[in-house]
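As structure tokens, here come the structures.
Each of the next two complexes has subunit A plus one more chain, namely subunit B in the first and subunit C in the second.
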Partner chain A sequence: MAGVAGGGGGGGGNDFQWCFSQVKGAIDEDVAEADIISTVEFNYSGDLLATGDKGGRVVIFQREQENKSRPHSRGEYNVYSTFQSHEPEFDYLKSLEIEEKINKIRWLPQQNAAHFLLSTNDKTIKLWKISERDKRAEGYNLKDEDGRLRDPFRITSLRVPILKPMDLMVEASPRRIFANAHTYHINSISVNSDHETYLSADDLRINLWHLEITDRSFNIVDIKPANMEELTEVITAAEFHPHHCNVFVYSSSKGTIRLCDMRSSALCDRHSKFFEEPEDPSSRSFFSEIISSISDVKFSHSGRYMMTRDYLSVKVWDLNMENRPVETYQVHEYLRSKLCSLYENDCIFDKFECCWNGSDR
Partner chain B sequence: MLGRGLKRKLSDYEENMAGLSSAFDSSRNLPYPLKRQLVLNMCLTKLQTYKMLVEPNLHRSVLIANTVRQIQEEMRQESSQQPINVCSGIAPNPHCYPGIDSSAISLHLPSGSSQQESNCCNSWSAEGPIENSLLMVSDDDMSSAISSILKDLDFMEDISPPTSLVPAGDDEPLKSPENTCLKLEDDRQDLKGAECVFGSFEISNSTSYLKDLAIDDIFEDIDTSMYDSDFCSPLLMAPRPPSAATEETLKTFPSCNSSSTNNIPICRTDLSELDHIMEILVGS
Partner chain C sequence: MEAQKEAQRIMTLSVWKMYNSRLQRGGLRLHRSLQLSLVMRSAREVYLSAKLEEDEEGRLGPQPGLGEEGAGQTPLPPAACPGPLAPEERAAPADRGNAPAAGDPEPMETQDSGGDLPPATPAPGAGRRPARGGSLPPPGKGSRKRRSSSLDKPGAAEAGLVPTKKARLEAEEEEGERQPQGQDGPFPSLAKVLQTRFSGMLRGGPAKGPEPTPGCRPGDGVLSILVRAVVAF
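Showing the complex of A and B:
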């Protein structure tokens, strides 16, 4: 759906009422393929919402300032900036087209007036700087008002340029391009709590980058077997721990999550913790493995729990307990009886994301 | 598969519901083996479709391949539990032992597939409904098909394998057709042996059991031109009946022809296809 919706929480107590707060995008039935939104991410404060689409564009929405006369209603989000993040590329060596679709966007924690985000397609990650400009300098010595260069010999006096307000302009500029490190399609990126490094994960490998260094990355997980025919599992998502900069997790297509500590070895092929729920034999079907594939994993803000999303359910895990989740929520259990049809039309391979709210409720 | 850029609507969903898969979902009376066969057919069709894509999705391919392996394993276990007779009519060969013995016999498949796949040989002479035998033959095709798909993915995606593996990698595609051809031929011999022993079963009169396989239809329309020079995939070609004239023109397999004199199934199809091509060229 080429639209974005915000949810609103209702009154007090444990019962939430969910409703659409705002819908953006086209209501038309026929949507251009390039407009289809492929990823969504709030920044840390929630003031900015970034969306990436199949056409390689990023649109950032900003929440308007709270209106004093209506203190209880949430601010509306309006378009803040739009830019083309990725272009389609052609890999001549393999005769393959590299899609410009944005797979993931992650914001960096804000350190100055500008905002930074990482956006990635299948192969390349880019660091974008989004900055505001609301002042303009006037009264240059060497340039006319319309920009033409003055003849230096004609200048008889010097003046100091004055800053004048102008309409707000939001500029996005690419600051780093991290390319050529992934053979397979990138499915996750995650910024580390040290604010200096981040990881990127594809189907079989995870790489560690430094935000300042674009020509090198460290491979920290590699599950590619020597013989590809023995491949039975792929990496589906990965994330750094919110507080411990040496800890990260990655999920697999077999419904398992591995927690790794980068201090133990340079190549984290051996996990420190292994999370897997034993299969319920009564609900076993031909499609059990397919629906157990985890599509997203997210740490809670506290860092004590993590949430995983597979096809039919959301599970909350306590990091101290590896043998089963502490909570399980069936999201659309009614689909369980229709698995074969969903398999036939490929809907069973749809990937869903999950997200904690600000207070981990 | 839905077209790209189209929103999924409720009416499309309902249309999709009508069909075999909805029968699978809704009917409790469908016998389990039939359900399993249905899922298996769907898996193979998908794998086949993905193979034709320029860039198959690794995640999906792995999931589907695992599902196929799981079903294969189930079928093998079922047939190995049935009473087993020794078949004396089977031509002895070094690779396949007509076995009562259900313990693992290590079978060297050059593709390096796991032990469990090698156990399939034990069941060749197993008594059982003829469908099982046909399915067992297709097992090997399936295993080989999965292996070749995953290997192709490797070739497509990972252009820079570790140097120590490169020589081995180069040899494998050449070796595998030879040995899998051998294997398939052995299988057919085994089946023919089985036929003579279990004559009381209703068996079709065709000389080639592989002709009757449902997967034949799946493999018929493949354009294997992409894989000809790099990966010899006779396992896709072999299931075709040697005498049947297919519509698609066969390309020659240079690496195959040079590697082995045992490629009898391949040569037969080659000749018949050459005839077919000649017919077309001559216009008769």
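Showing the complex of A and C:
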């Protein structure tokens, strides 16, 4: 089930009223496990919305051109393309099944008529090319219209094939497969502003890839302790800075964010900046550590701020101030008293995402 | 008492979740395992301190033979006096019945707890019982009622147990030796199962499949905490 929320500016002043403008998918309770959507991502222009599900499929919606007779309504999103991105795999060495669930999708900036996106499951990242085809050639010399080869001896004249329009067909083809670089489960991917590289992060390591090279990657962060018994935190999300191609951040399960500069050293285990808000001792509970884990981190478009999401709140950080966020928003503070029940039904482990609107407001 | 019960409940729940997380598709999730172990540890600390208070109230006099704990631990009277409290604290389900066998001197436990718990957790599995999924008790069962000394693991562990654990990693046989007064009953086996399953993690590899034998799972570091916590049961 997917909900596409459209913002409706209502009321006076700064009050926003949010309402669903479109809901895609099944509304009833009986949803197949494989159809559960696991990730969503708009492309840069907002015309395309990609969704990944637990069954390894990617469905892309496209916004229709705005209707001239109803200029104020946002265009509707309709299915543009569907393809199977990942299949379940089996790691024989470890006797482990690798889930096909799509963990993240990231679009590449558009450089020509085709669209490119990266999609990843727990272990493998794939680069997909989505292209449109609305013409086809007719009038081949050696083939009949239905594809059968013609007998060369029967050809008495030559003709030039001509392009004829056809029903729009959207094709998705895998262009690169980046595999075997992660021991743990991949949780993030982020395309760099140089449009040539991207990073992928799992629980303990972050790797840097070049989009053209699939057989190797560079490890740029490794927080795996020599003795795994000493493990205290894992990486939960990572993102490149929107303008500085040498800067990226990664968040941890302890509620901290580290900013790293790839110019300082090849292995960025030592952070350049460390963002952490001191814990409020009065709110300690059994579950303090779980709810302080950051589930998502996103830079603002300006690159000056970043937003983090932990279980109960959203925080906005100024990159120049490491000791506390500049803004904190309690998203569902009323859940704080229900943490125990949430722990019982596993909801406390849910991971939320956050994102900025187009103008960083 | 309430806090203690709550902590106990949460600990059981956590162990159950940990066990179940092994069975899910895609293998053990490192982050999830870490979070579960953190909750377990918090719950255990609360449980311990609650028990400590209660024992101090209930106690008439200091028991001998205490204080074998590892460095830095508050001497655990409870460790030595399962006696008075034991009956009421033993939850009905008998699993822990064996703990009382700990009637076998506290001192001994305390002592062993140094060596025994962490190894116990790992240990139980090692020599005596082949880790078996089936032997795991249903969640919610059970007296987590165990010598509190064992709960002292964190410190004691660092002090005396780490080497032990490493040894265990290298050579499973050693566990057998260190085998304490056979903890029998479901919880020890739970501990054992989790231990052997996770022993691979400590070797640093990711997970194997659902067999009872050592699997390498990404949830490593948590193992130690988890192990200790579990042993506490």
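We adopt the following convention: the second predicted complex is superposed on the first by the 348 of 361 C-alpha atoms of A that agree within 3 Å, B and C clash if a C-alpha of one lies under 4 Å from a C-alpha of the other, contacts with A are read in each partner's own complex, and residues count from 1 in each chain.
Going forward, contacts are C-beta pairs under 8 Å (C-beta built on N, C-alpha and C of every residue); 3 or more make two chains touch, one makes a residue touch a chain.
Bear in mind that the values here come from a model prediction, so they are computed numbers and not experimental data.
After alignment on the shared subunit A, the placement of subunit B and subunit C results in a clash. Legend: residue contacts after superposition of the two complexes on their common chain; A:M228 is shown touching both subunit B and subunit C. Once chain A of one complex is fitted onto chain A of the other, the partner contacts of A:L339 are limited to subunit B, with no touch recorded for subunit C.
Judged by the touch definition given at the top, the superposed model places A:K129 against neither subunit B nor subunit C. By the touch criterion defined above, A:S95 reaches both subunit B and subunit C. Contact with neither subunit B nor subunit C is seen for A:H244 once the two complexes are overlaid on the shared chain. Contacts of A:S253 after superposition: both subunit B and subunit C are touched.
Once the two complexes are overlaid on the shared chain, A:K273 sits clear of subunit B and of subunit C alike. In the superposition on chain A, subunit A positions 94-96, 183-185, 203-204, 227-234, 236, 253, 286-287, 289-290, 293, 340, 343-344, 346, 349 are in contact with subunit B in one complex as well as with subunit C in the other.
Interface residues of subunit C, counted against subunit A in their complex, comprise 6-7, 10, 13, 17, 25-27, 29-32, 34-35, 38-39, 42-43, 46, 162, 165, 201-202, 204-211, 215-216, 218, 220-224.
On subunit A, the positions that touch subunit B within their shared complex are 1, 29-33, 36, 93-96, 183-185, 203-204, 224, 226-234, 236, 253, 286-287, 289-290, 293, 337-341, 343-347, 349. Subunit A meets subunit C in the complex at residues 94-99, 101, 122, 183-185, 187, 203-204, 225, 227-234, 236, 253, 285-290, 293, 340, 343-344, 346, 349. On the subunit B side of its complex with subunit A, the touching residues are 1-2, 4-9, 16-17, 19-22, 24-26, 35-36, 38-39, 42, 54-55, 58-60, 62-67, 70-71, 111-114, 146-147, 150-151, 153-154, 156-160, 165.
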